[in-house]
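Each of the two complexes below includes subunit A, the first together with subunit B, the second together with subunit C.
On to the complex of A and B.
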């Protein structure tokens, strides 16, 4: 009896470490999530008292909505461009400043600097850079004003902000590469490119996985940049899925439909991340 | 100059050019924020002939900067401190019971939750906060920000704690210390490399948040800095100099923080990031 009581007490103490975090999480995320799921099966406008259960109608409407194609395309575009751009530039910067000494350290500080700014500020800054600097000085018309280039304009801001973050993660991995590996490769006559492919690349695969997974999440959920820089415009040329959900939920007062769109966004994020993570894991094993 | 030094020189020149590309926007903001509107049109990005400091006082006044700064500071402080306590405790118990099916599944739930887009709970959370009287309060915003940071924090911290040897706490247990005392006096101090990094990332997330604030704190009295800037830019987009003064003002606290803590930011992330 005493032993059982002692065990229960021990388990309760263990639980007490976990409970505060779980409580926050359940109250703010899990319960609203369940509630939101139920909204998505109604015709609720988000304000009035009454709402009717309409089954999967919102979901079937979603699949027929041609206005959804543009946000979907924009979101996927932003994801792919920032994934490649941010990783590529981040990796190049990491390879360039991977070393000790003041010069390298100063450069790292500078390259990481944009990451500490808020997305609102970055979007604001670049909106002005495009219109006040690039146009008058270089004759480049603002990328944000043209429906065909606006997503490029927004992707460039994001790459500028996040490349430093990727750089740091790559640097962490690069520092684990033993110098002897390079020496051995040099002795065998491997050139710079050859050394990168057969020594560096296998060692930084975990960092690559971390960065790709992270940027996939950020990219597919993008909201702040287009919301601040263009408000989704011109027209709906830079509307993303997250903005689409926001618009239906608040300004358009079609909460049930907006919530269904949000659930679809969630499914998309989980599906793409699962596929990407699965592919990366296979690669990691091969390497 | 010997032949071998040329590539190195070229590399350094290219890197400096790239560094300039990263710094130019900051230079432009400072220059623009100190000019009159006429001078901006006339001389563009050249260094200002007269410093118009009054741009700053006007921007502060119009954008209600002091108030927003206070709101942002309170929220950031509350969010970071609560996350530090709550997540280090939870991560510790998850890491030490990773063979237990219950704790392990809690861990995987948090792992999956990292992916949840804010939009999925945006409306129901808005309605809940309204029902509880927490809409348009800093407390409501803090709650939401805390909850959204928990999954990522637990993910990163649990990974770190798994690499901390158990000898330390076992010695403390033998000495008769309880679970709480063991945690706070033996484990918590050892976690400093990871807690300082997550603390900084949490501070940035809270300080810079836009999409949660846009929903939770719409009233002017409770707006945080990013939200204030968002509305300010919308209204004063023509007065470029004021907009840039407001921009520069709100960057200053972050930059001070960055340069003071950068050893922990870059160093800490390089140390702990890949392991997790």
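On to the complex of A and C.
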């Protein structure tokens, strides 16, 4: 009995350590979310003190808006391209600098450097690169100006910046793969490619899960890259769902409608992330 | 809302009477006297918000504020320049937070939503308005109340390089087909006709508006009708024709049109690399910054095939308004007073090279480009479009996005985009 009491006390002490984090989460995430949810059923303009309850009108208008398709398409495009590109390049860089030499360590720093840069600087750098270097010296017209290529231009920028981050996570996983496994595989006659598929890949699935989930979250919520590089333009060619939400909430003075769009975006991000993470976790357990 | 406003008014009156030593705060002629009599008067900092992109205009503003501080040493200024693209958002946020700047850059016509919300101070009847050009003043007046103080009169049209035109034996085109002939002739000589800097998306809008605003003179209530739903863009053949002409002009490439920014396109024109540039009057100072001595001129964009139809669309250009939240109305009015004084107006037009909204403005000593614009005004070959374009907020944003989409994508289907534009506008009318 006394033992059980002691155990409960210990558990409570452990739980109490969660309080600061939970408090932050509630104040910064849960409360605004609940409040936002209630705004989404009103015609609030974002400035006035009064607002009227209008039921599901915002949601029904949202699903009738043909302008929603472009941001939806752009967001999914950005997600898929950066997910594949950032992970692929990040993994390749990790494999390339996996050794312990001084040169490898220097390269790691270089590869990680873009991630540390401010996003505004990155956007400036790339717009400069696109219009002042690529066109005058190589005759390649700026990807960011053409409505048909602008999402590619933004994706390349994002991959360049974020690949270093993925590399670090892959690197950590790669260093944990015991060297004996490779030796054993070598003895068995496995080539470089075979060893990657049969030894390396299964061993780094946890890193893969982390990176893919992370990139999915970033990709679906993307706001900053198109906002800083093009402001969603030309026209609305690089508008993403998050920019759509922003446009309605602030410049267009339709905060109620913007909130409805934000809630839909949240549901979408949550659903896709849950499915992706679920699929990957199953893979982890299997091995 | 109403309650808040009256509270605000009471606060404003209370502070005004405190600061002005019992003066009512509106009588400007007595203010300087009271200012000098109490040298120990409390120092006041006036916040000014603007999105002037041109260095010359920023210097012009600085000159006016310095002039004011010199006359009234207790008035200091805190000038904040905001990027045009985020200006309205930042301003709205500031106003919503009760932290509005005292003086706000902008033309009342574009801020009717804020005026309706009671956020802009009514300046009707202030003495400095007597110094202003009546038509510019008329544009600052909404429902009989004057909300803005204009600095200059602006226009959009075509800058041209007189030397290139002379070498090629070209005349100023008076009709649209003549303009196209000129562009073709230049291109045949491997001279780029127009400098395009569409990386900044608003630059393409200037090209479109230089054409369309001249057109609007024939249907001044076009945008009012758009807003009450009785005018569809698709039902206006003139609108479609204007869009088609716009696309035609944009089809003359000057290189990487969509990767070149505004500043570089002005450099291209000022450096003699292109023969023409379609832009607004705000570019004069930028052109002169790059080439002070260049032999340049300006003409109205010929949109019609009838030469006499091709008048210049003009409007009040740069203007300032006062925030209703200001606690320093007296000082704000003093700023406007020096802005409209003969020296203030001269400082502005000297820096910005624009046509002053001050009615005593004379062309002597002005830039040849400015003189070309002024000639249209003096010979009454102008149409004042300022009051005709009445879209604000989201409608304005939709219309501007349309201009970018239809212009920057040469393969875009004009009819489809115009019908999309109508759909988007009608969604907002519901």
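Just so we're on the same page, the second predicted complex is superposed on the first by the 261 of 287 C-alpha atoms of A that agree within 3 Å, B and C clash if a C-alpha of one lies under 4 Å from a C-alpha of the other, contacts with A are read in each partner's own complex, and residues count from 1 in each chain.
The working rule: a residue touches a chain if its C-beta (ideal position, glycine included) is under 8 Å from a C-beta of that chain, and two chains touch if they have at least 3 such contacts.
What you are looking at is a predicted structure, and each value in this text was computed from that prediction instead of being measured.
J.: Regarding the shared-chain residue A:152, is it in contact with subunit B (first), subunit C (second), both, or neither?
T.: Neither partner.
J.: Have a look at where A:67 lands relative to subunit B and subunit C in the superposition and call it first, second, both or neither.
T.: Once the two structures are laid over each other on A, A:67 reaches subunit C alone.
J.: Which partner does A:111 contact after superposing on A: first (subunit B), second (subunit C), both, neither?
T.: The answer is first: A:111 touches subunit B but not subunit C.
J.: Kindly classify A:28 by the partners it touches after superposition: subunit B alone (first), subunit C alone (second), both, or neither?
T.: In the superposition, A:28 contacts subunit B only.
J.: Classify the contacts of A:182 with the two partner chains as first (subunit B alone), second (subunit C alone), both, or neither.
T.: neither
J.: Once chain A of both complexes is superposed, is A:251 in touch with subunit B (first), subunit C (second), both, or neither?
T.: After superposition on chain A, A:251 lies in contact with subunit C alone.
J.: Give one of first, second, both or neither to describe whether A:46 is in contact with subunit B, with subunit C, with both, or with none.
T.: both
J.: Tell me the contact category for A:223 with respect to subunit B and subunit C: first, second, both or neither.
T.: Touch partner of A:223: subunit B, not subunit C.
J.: When the two structures are overlaid on chain A, which partner does A:142 contact: first (subunit B), second (subunit C), both, or neither?
T.: second
J.: Mind sorting out which residues of subunit A both subunit B and subunit C touch, each in its own complex?
T.: Overlap of subunit B and subunit C footprints on subunit A: residues 46, 250.
J.: Give every residue of subunit A touching subunit C within the complex, in rising order.
T.: 46-50, 61, 65-67, 127, 130-131, 134-135, 141-142, 144-148, 231, 233-237, 247, 250-254
J.: Would you mind writing out the residues of subunit C in touch with subunit A in their complex?
T.: So the residues of subunit C in touch with subunit A come to 1, 85, 88-89, 92-93, 95-96, 113, 117, 198-199, 201, 204, 255-261, 393-394, 397, 401-402, 404-405, 408-409, 420, 423-424, 427.
J.: Contact residues on subunit B for subunit A in the complex?
T.: Residues of subunit B touching subunit A: 11-12, 15, 18-19, 22-23, 25-26, 28-29, 32, 40, 44-45, 85-87, 89-90, 92-94, 97, 103, 106, 110, 112-125, 127-128, 143-144, 146-148, 150-151, 154, 178-180, 183, 204, 207-211, 214-215, 225-227, 229-230, 233, 240, 243-244, 247, 250-251, 254-255, 257-259, 262, 265-266, 269-271, 273-274.
J.: Which of the residues in subunit A end up touching subunit B in this complex?
T.: Going through subunit A, the ones touching subunit B are 13-14, 17-18, 20-22, 24-25, 27-29, 31-33, 35-36, 39, 46, 93, 96-97, 103, 107-114, 116-121, 124-126, 128-129, 132-133, 136-137, 160, 168-169, 171-173, 175-176, 206-207, 210, 217, 220-221, 223-224, 227-228, 242, 245-246, 249-250, 255, 258-259, 262-263, 265-266, 269-270, 273.
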